[in-house]
Amino acid sequence: MGAAPNDNTGKKGISRQFMYLLTVLAILLPLVFPVGMPVSVTPWVEKGYQHVEKLNPGDKVLISFDYSASGAADIHPAAEAIFKHLMDKDVKVITVAFVAEGNRFPGMLMSAWEEQGKVYGEDFIHLGFLSGHETGLAALFADIPGAAPVDSRGNPVTSYPIMDGVKTVADCKMFIGLSGGNPGPQQYVRQLEPYQGVEIFTACTAAIAPTVEPYLASGQIVGLVGGLKGAAEYETVMGYAGKASANMDAQSFAHLLVIGFIVAGNIIHFTSKKNEGN
Amino acid sequence: MRTEVPVAIAVISGFIILIAHFFNIAPIQAAATHLQDWGILIAAFAIVVSAANLLMVHIGRLSNQREEAWKKVNSVIVIGLFLATAVTGVISRDHHVFNWLYDRIMLPLGVTFVSMNMFYLVTAAFRAFRAQSLEASLLLGAGIIVLLGNAPVVEAFVPWFSKAATWVMGAPNMAAQRGLMIGAAIGAVQTGLRVICGLDRSYL
Amino acid sequence: MLPEGRLFEFLYLIIIGFTMFYYSNQAKKGKVPKIARLPALDAVDEAVGRCAEMGKPLFFTVGSSEITDASTAQTLAGLTLMKYVATLAARYDVPMWVVNRYGATHVVAMDVVKQGYLEAGRPEAFKPEQVLFFSSEQFAYAAGCAGIMHREQVGAAFMVGQFMAEALYLAESAAALDCISIAGTARATQLHFFVAACDYTLIAEEIFVISAYLTQDPAQLGMVRGGDICKVIATILIAVGAISASLGSDIISSIISK
Amino acid sequence: MSTDLGIWLSALLSLAAFSFLIKENKFYNIAESAFIGVGTGYAFVMAWSNIQSKGFGQIAQGDYLTIVPVLLGLCLFGKMSKSTAWIGRYPAAMLMGMGSAIAIRGAVQSELVRQIAATCVPLNSVNNIIVVVGTLATVSYFLFSMKSTGSQLSGGINALSKLGRWVMMVSFGAAFANATMQRCAQLIDRLRFLFEEWIYLIR
């Protein structure tokens, strides 16, 4: 496209470095001094929360951690909030990862809860990483101890009390997919099709959240937490202000800053053009 | 011979994959599966060759008398960390040094570089979003609506913006994305066909 | 014999192949189509010339382009331009830095650049140590690219191929320099970053006509014509499909899913 | 402040990377070299484990056909010297042929046919009309050989393709702005690491 050649930002009015500095401040200040701006809750986060709320103590839930380090900023806060909700309700959690890098995240959550008295193998278990993306998904859903014979700590999964009576995914009440792309909501829905009765709840990056819309409308997915904002909404419904809520202030300021720069850019552009005309 | 045989290899392997996709012929499909496994294996060798290439460049720098000392320091860092990672990783993918290098160098740097995109987004927006022409104004208008619609604080006070943003993403944006994909798909198919029909040999 | 849902795909592929050869032959016989101007490609010569005038090197990368997966077509488009730019660089004696992310792409790119120098008649000017591989780790590669651009103070940056999250990073690293940036990708989710940050952008399908446009080879121009016919067919299918869907018939959708 | 040496290393490398925003400098150069060194090492380890499991491992199990790709892979080393570079063309050509076929397959299936099918929607709402007309206009922008012929038809196509450009501009603006959310989350995450885990500023 024949856009006008660069006017290098540095030359006109505001230097790059100054803009970078303002960006850091716009994000850092609200993190240090949280304002607690209101967060409006979207219906699909509310619905997802309600479905988790309906679970009984002792029910089992399967969570897959399908995001890598670069997606973690967007999804991990949601994972933390949902995990906390499940722990508060005494639900038993089985975790797995279909993305190699996702393997690190369940352990991070679990060790924090172990310090608070939860027991690995009774309250939760991590089955480790399974390769093959969608084929891995299909294999695990059909036969959990078969596809993942040993857990992430190297012991046979059948040796843990939490795995008693767990054969297929149908023995879990809910599947929660935390996705940074592939596998994602589409793959979850497709592979869980044969197991009616297992509810699907998903948290994904803001970028892919719009693609989940059709599944929500059709009822195949019961709830959606989209990106960092979704996590803040989930924290709001749960009634506590965690990391995501504090991050929301920063995100708001950053958005307003970008708009401010765009406005400033236009003002500088048009005033300098006027001056050239004179 | 030095061009004809490679072209023949490209044509044959390309057609095997395509035929296997469109027709249920068991032996061809088996061949295609084999071929794709071979592809992964050859690509793995290509990484080894490329890594060797990188090492050669840096070793060359170290042995070059006229090279600046500073560049030599960096070459030592590249070679040293490459060897540390490669050797410990080959011994065991779960080696504690290998994991440490991953957790303390590769992962944090990866996340840091990704996060620098936010700064670049700010400067790019500052330059590009200017109402210089009708086209640029459309870019600007759509951008501002989505920015306002996504800012959590705006959404809490003026929910209308969020709906407008969702609409822009869903209707005009979707239309453009589809149009782009359809056009690009036809171009991609032509480009691919030229290779597997042996017409394009520029890669040799 | 065709698995379900593949019939229409196969038909469309045959149509694309047929129109490509038919119009290519027509063009060879003298019916050469005229192609709309692409400012981004017109700027390529100027960009290399400017590097020569200012005594600055140029930078080229095809991004996250592989030659073993679905991005291969974009890789080829990028490599075509790479060879053309290499020829110009050799002719004007402009040092050319090339960085590749993937190993397999790297081994091919080494040859492509060398071939470009050979075609310019200056094979001795080719320096293999200026075609670099910086790990397949996405941002290690991107960091290396940015480092080279700034250390060498390049006068032109070419980024054509498949790009992922590194698109904005590379484009802005170039924009911070006094250099002409020419970019292009068919990846719809990154294209807007190039449009916003680069001087010239090849939008989506435009990268696939690079070779025809730069060489003005009749056979290839004919192929572009053939592609246009296929796009017209696509628009007719959509228009008829949408109208018939409004009238309550799903005839087109059912044909397409055959 | 943290007393963990690993956190210090990560934090200092992060700062060195950020310093590029001010100017390319020696600290950035170190971070870049460290990243390239470890990154290439990591890629090598992944490649090596593939070569072992899909190559030598298969041969050891009696699958002698695998010797072919291993030999082709070894041919790539020919590229390292000028006189033997030509033998590297055989494996490269094979990859190119395969890759091209995979690209064709993917483009026809998920980009061409599926997108056409998805656009055949009834024109019963403003949104659907915008999607259909917008898609047609965008496609017409790429009719390279029909835009500048000067005929009456090309006049119509030119008008439609202009509309296509406008639709694309709206899309580019919207998509760019939409990316702010995720990019912002990533920077928040990084600043949190620096100011929460390294120096305890955020409490």
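Letters A, B, C and D mark the chains as written, and numbering starts fresh at 1 in each.
As a working rule, a residue touches a chain if its C-beta (ideal position, glycine included) is under 8 Å from a C-beta of that chain, and two chains touch if they have at least 3 such contacts.
Since the model is a prediction, treat every value here as computed from it, not as a measurement.
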item	value
Comparison of A-B and A-D by number of C-beta pairs in contact, larger one	A-B
Chain of greatest Cα-centre distance to chain C	A
Centroid distance [mean C-alpha coordinates] between chain B and chain A, Å	23
Computed distance of Cα centres, chain C from chain A, in Å	34
Computed distance of Cα centres, chain D from chain A, in Å	22
Distance between the centres, which are taken as Cα means, of chain D and chain C, whole angstrom	13
Where chain B touches two or more other chains, by residue	21, 39-40, 42-43, 46-49, 51, 53-54, 106, 109-111, 113-119, 121, 123-125, 127-129, 139-140, 143-144, 147, 150, 169-170, 177, 180-184, 186-189, 191-193, 195, 203-204
Touching two or more other chains - residue numbers and ranges from chain D	17, 20-21, 29, 31-32, 35-36, 38-40, 42-43, 47, 76, 79, 89, 92, 95-96, 98-100, 102-105, 107-108, 112, 116, 119, 132, 135-136, 139, 142, 168, 171-173, 175-176, 178-181, 184, 186-187, 189-190
Sequence positions of chain A contacting 2 or more other chains	4, 6, 9, 16, 20, 23, 70, 72-73, 206-207, 229, 251, 254-255, 258
Interface residues, chain B side, partner chain D - complex	2-3, 5-7, 9-18, 21, 34-49, 51-54, 56, 70, 74-75, 77-86, 89-90, 93, 98, 100-106, 108-119, 121, 124-125, 128-129, 134-136, 138-147, 150, 165, 167-189, 191-193, 195-196, 203-204
Complex contact set, residues of chain D against chain C	17, 20, 24, 28-29, 31-32, 35-36, 38-40, 42-43, 47, 76, 79, 85, 88-89, 92, 95-96, 98-100, 102-109, 112-113, 116-117, 119-124, 128, 132, 135-136, 139-140, 142-149, 168, 171-173, 175-176, 179
Touching residues (chain side chain B, partner chain C) in the complex	21-25, 39-40, 42-43, 46-51, 53-54, 57, 60, 106, 109-110, 113-114, 116-117, 120-121, 123-125, 127-129, 139, 177, 180-184, 186-195, 200, 202-204
Interfacial residue positions of chain D with respect to chain A in the complex	21-22, 178-182, 184-192, 195, 201-202
Of all residues in chain B, those that touch chain A in their complex	107, 110-111, 114-115, 118-119, 121-123, 125-127, 129-132, 140, 143-144, 147-148, 150-156, 159, 166, 169-170
